[in-house]
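Note that chain A is present in both complexes that follow, paired respectively with chain B and with chain C.
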Partner chain A sequence: MEKKVLVKLENVSKSFGSVEVIKNISLDIYEGEFLTLLGPSGCGKTTILRMISGLDDVTTGKVYIDDKDMTNVDATKREVNTIFQNLALFPKMTTKENISFGLKMKKVDKAEIDKRVDEVIKLVKLQGFEDRYPSELSGGQQQRVAIARSIIMNPKVLLLDESLCSLDLKLKKDMQIELKRLQKKLGITFIYVTHAQDEALSMSDRIAIINNGAIEQLDTPSNIYKYPKTLFVADFIGEANIINAKVLEVGDNEIKVSMLQDHVVDIKADSIFEKNQELKLVIRPENVRISKNELANGIKGSINDITYSGDSTKLLVNIPGSIDIKVCINDDNKYVYNDEVYVKFDSNYIIPLRK
Partner chain B sequence: MKKNSGFKSFFILPIIIYTFVLILLPIIYILFLSFCTSDSYGGILYNFTLDNYLNIFDMTYIKMLLKSSLIALVTTFICILISYPFALILRNKSEHIKNLTTKLIMVPFLTNSLIRTYGWIILLRKNGIINKFLTSLGIIAFPLNLMYNKLGIIIGMTYTLLPFMLLPVCSAVFEIDKSLIEAAKDLGAKPLQIFKNIILPQTISGVFNGSLMVFIPAIGYFFIADILGGGKTMIIGNLIKNQFLTARNWPFGSAIAIFLIIITFALVKVYKKLGGKMEELGGL
Partner chain C sequence: MKHKLLKNLFILLVFFFLYLPIIVLIIYSFNSSSMNILFENFTFKWYIELFKNNDLIMSFVNTLIVALTSTIISTIIGTISAYGLYKFDFPLKKLINSLIYIPIVIPEIVLGISLLSIYTLMKLELGMFTIILSHIAFSIPFVIVSVRSALSSETVYYEEAAKDLGASNFKIFKDIILPVIMPGVVSGAILAFTLSLDDVVISYFTAGPGSNTLPLYIYSMIKTGITPDVNALTTIMLTITFITLTSIAVIQSRKIRKRI
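Moving on to the complex of A and B:
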């Protein structure tokens, strides 16, 4: 089934003064999907969100929501609502007044407002807190008020600006599950902005990695993790060994490269590389094989650092005259500091990237 | 701890002495005077009486009090009307412009307010700058009576007292988180609705503070009424001044002064009832 494009950004750029913060972005966001804009702070992800909500205007380009050109339509009139980073609850209003604010502004019938407020309060589980002021609520409850205040408007798209950042870890995990649940239930399109890759990976249908005002890669979480298209993505998402290499021979679907002091491997490569071209290889730590016994075509090194983190152990293997290789294993007390080990890269898991 | 408190009281002592000698003692003396009578030469007879207070409730004085209050009220209202748009416009400007503007508001305070009030004569009189400008442009045929009437007093009062409204309103308006206004916009609120529902509730205490700080002096600023009102419009401040300096009836003047203090405190009480916090008044 063809998915419907709900939000469309077409060659959108944004400049503040002479600084171009968004550089010619085009992005299709489908109905009902959970899309995350992920990137380091200052990359422009919040600006993209604000251009969709209408709180910032675009310098050039077009914004479509539900096939209608919204480029020059005021934020007030867009069927889009935002949950702000600091939540922006109205401090002098109770939970109920906060939640009903939008409908009151639209001059909706009072009985209708009361009915919908009750529904939404049940949905976000805020029963019993209707008459409290934001300052009398916990962080999680404030979060719920902010969510309720937005979803009561039945927006086509809900924009979330780093909304979970201020919460502690446990509450954050709970709210992540809660948000996913709500999104499934309401079928609203969520556009979520964050700099936390774990949030992005666990919650999203698709992730757009933003860097320097441009989209580096747009794909499903697992594809982004497994097949990063740029060095930035490889480095930003998860842990990665990034190794310098040089092309020795070019085959049909394969290239032969030399890395780590003349260690030669064959790797699959779709993109076109030339002979003698310098390139970077990306290998995830969990895809590095490690053994105390000699491995065929393995590289000798020694354990430089051990970090135990419960479900896994991270090792740093020093290759003499070269860089340290990050390795991630599941069993813990097999290795000790300074152990001599052999590491080997499975050619299926080596991702070649242009420099 | 003990040493620290000694250190503290050393620095607080001058303030305590200042307050006691220059504020509290005179008030006590005036309170004492208000129960005395004066002889026909302006001397004071120390015989206890309540007549001075009863005399205040003469129609002449009540009317004067009402007129003073009306002038003060109009002044306060105009100050609010100027301060809000000013603060809302300035709110979106850079920190640098905000600081500069706030400093510029304070600059006139460096000049004596009596002299500044005389300055207004040059602007407001029949052949003053404003009238000349308007007639030369042909907007008006004859010069307007901008002073020696209530209008002149209100202009002068507004000018002198505006900073007392401007500063608290500005600080309240600047404090509103930008994202609150954006959130309201996002939820479909139009500018007027944003003002009514978000800005007003959060700045009303600033307006209350400013109102007290404008209204109370506006009742008593006799020199503005003298200079720009041409002595034709008496406000309660003129009355007190005249009792002391012209009529030489210090006890009656004292009684009116005490009466004014009582009204002032009553106003502060009303303010407190309306939801303001005492700390915001600096412990008035």
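Moving on to the complex of A and C:
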């Protein structure tokens, strides 16, 4: 079945004064999907969201929602709702008043409002807190009021602007699961903005990596992690060893490169490289093999740093005369500081990228 | 221990200094002697006398009319101005923002003379209308400053959230912004009311025949001597103010307790 495009950005640019913050972005967002806009702060991801909600105008380009041109339609008339970074719950209104506000503005009749408010309150598990003011709710409860206030409007698209940032780790994990559950249950398209890559990876159907006002890569979380297309993506998502290398020979679907002081490896290469071209190799720390015993074609080094983080241990291996290699292993206690080790890169996991 | 004793003594002295004149005034309103020097016997006669003094009553009524109308109008104008100055960007905004403070810092006498010359220039007949107009003029900046302090960057977020939920600009102001800035509006209104209530200088320049306000009436008595019925009137005013303020405080603390 062909997926329906619900939100379409067509050659959208946005300038504040003379500064261009969004540079000619085109993006299709499908019905019912969970799309994350991920990027460092100041990359323009929130601006993209605000142009979809209508709180910011586009400078050039078009915004379509459900096949209708919404470029010049006011935010109040778009079937899109936002959960703001700071939640922006109305402080002088109770939970119930906050949640029913949007329906009141739409002049829905009172009995209908009451019915829907009850439903939504049950959905986000806020029973018993109907008459409390935002200041009397915990962070997680406030979050749920904000979610309820938006989803009661039955929006076609729900925009979430770094909505979980302010929560502590435990609550954040709970809310992530809850959001995902709600999204599947309601079938609403979610567009989520965040700078936290773990949130993006765990929640999204697709991730758009934004950098400097442009989309660097748009793909599923696992593809983005496994096959980063640019150095920025490789570096931004997860941990990565980025190693300088030079092409020695070019073959069919394979190139021979030299790296880390004349260490030669064969790697698969989809894109075309030329002989003697300088390039960068990306290797994830968990794909580096490490051993105390000599490995065939391995590189000798010594343990420079050990960071234990519960489920895994991160090692930093110093290669004499070269950079430090990050290695991630599952068992601890095996290595101590200054141990002599051998590391080896599996050629299947080396991602070559142009400089 | 000794430290605490000194602290309490200090507070006591401050309050003593602040409230002694008022206490004296209240006591002398029950003094049978017509001179505010010696206390002779306890009496209610000045309270009775007060209601016979038509000039005094008239000036008091005038004062209330002036204070109430100017407070209502200046609070409305000031609140809308503060919101507009906060929300919209326009040329010379910075200049206008600083111009607001000029009527606050300018000597009242200068404001009084300038208002008088403008009314003369416009051939406006001096009276209640010109007094009210003047009081509105000098109250607005105080309301603006008070309301502006209640508008924070948070307000922008509330506005956007309301807009996102489909609220019109009028609804946003009425349902979202106004409740948030209400403390600023109320304190601005109280400020405007009290400023108007005891204004002598500006009223002196802009009053006409038949529009004597209470402060002007009392001020004019200085030449002939202040009669104790003024003491009685101020005591009544004090009592009313005291009751109003206490009930506001009680209502508010009940509201807070209810929320908890």
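Methods note: the second predicted complex is superposed on the first by the 355 of 355 C-alpha atoms of A that agree within 3 Å, B and C clash if a C-alpha of one lies under 4 Å from a C-alpha of the other, contacts with A are read in each partner's own complex, and residues count from 1 in each chain.
Just so it is clear, a contact is a pair of C-beta atoms (placed from the backbone, for glycine too) under 8 Å apart; a residue touches a chain by one contact, two chains touch by 3 or more.
Only a predicted model underlies this, so the values are computations on that prediction, with no experimental measurement involved.
Novice: When the two structures are superposed on chain A, do chain B and chain C clash or fit side by side?
Specialist: With chain A aligned, chain B runs into chain C, so clash.
Novice: Between chain B and chain C, whom does A:F16 touch in the aligned arrangement: first, second, both, or neither?
Specialist: neither
Novice: Scan A:Y337 for contacts with chain B and chain C and give back first, second, both or neither.
Specialist: neither
Novice: On the A-aligned overlay, A:T76 touches which partner chain: chain B = first, chain C = second, or both, or neither?
Specialist: Both partners, chain B and chain C.
Novice: I'd like to know which partner A:Y308 touches here: chain B for first, chain C for second, both or neither.
Specialist: neither
Novice: Between chain B (first) and chain C (second), which does A:E136 come into contact with in this model arrangement: first, second, both, or neither?
Specialist: After superposition on chain A, A:E136 lies in contact with chain C alone.
Novice: Go through chain A and flag every residue that touches chain B in one model and chain C in the other.
Specialist: 53, 55, 75-77, 80-82, 84, 86, 88-92, 101-102, 105-106, 149-150, 153
Novice: Quick check: in the complex, which residue numbers of chain A touch chain C?
Specialist: Residue positions touching the partner: 53, 55, 75-77, 80-82, 84, 86, 88-93, 101-102, 105-106, 133, 136, 149-150, 153.
Novice: Give every residue of chain C touching chain A within the complex, in rising order.
Specialist: 154, 157-158, 160-168, 171, 175-176, 179-180, 182, 259-260
Novice: Using the touch definition from the top, list the residues of chain A that touch chain B in their complex.
Specialist: 53, 55, 74-77, 80-82, 84-86, 88-92, 101-102, 105-106, 149-150, 153
Novice: Give the list of chain B residues in touch with chain A in this complex.
Specialist: Touch residues, chain B against chain A: 177, 179-180, 182-190, 193, 197-198, 201-202.
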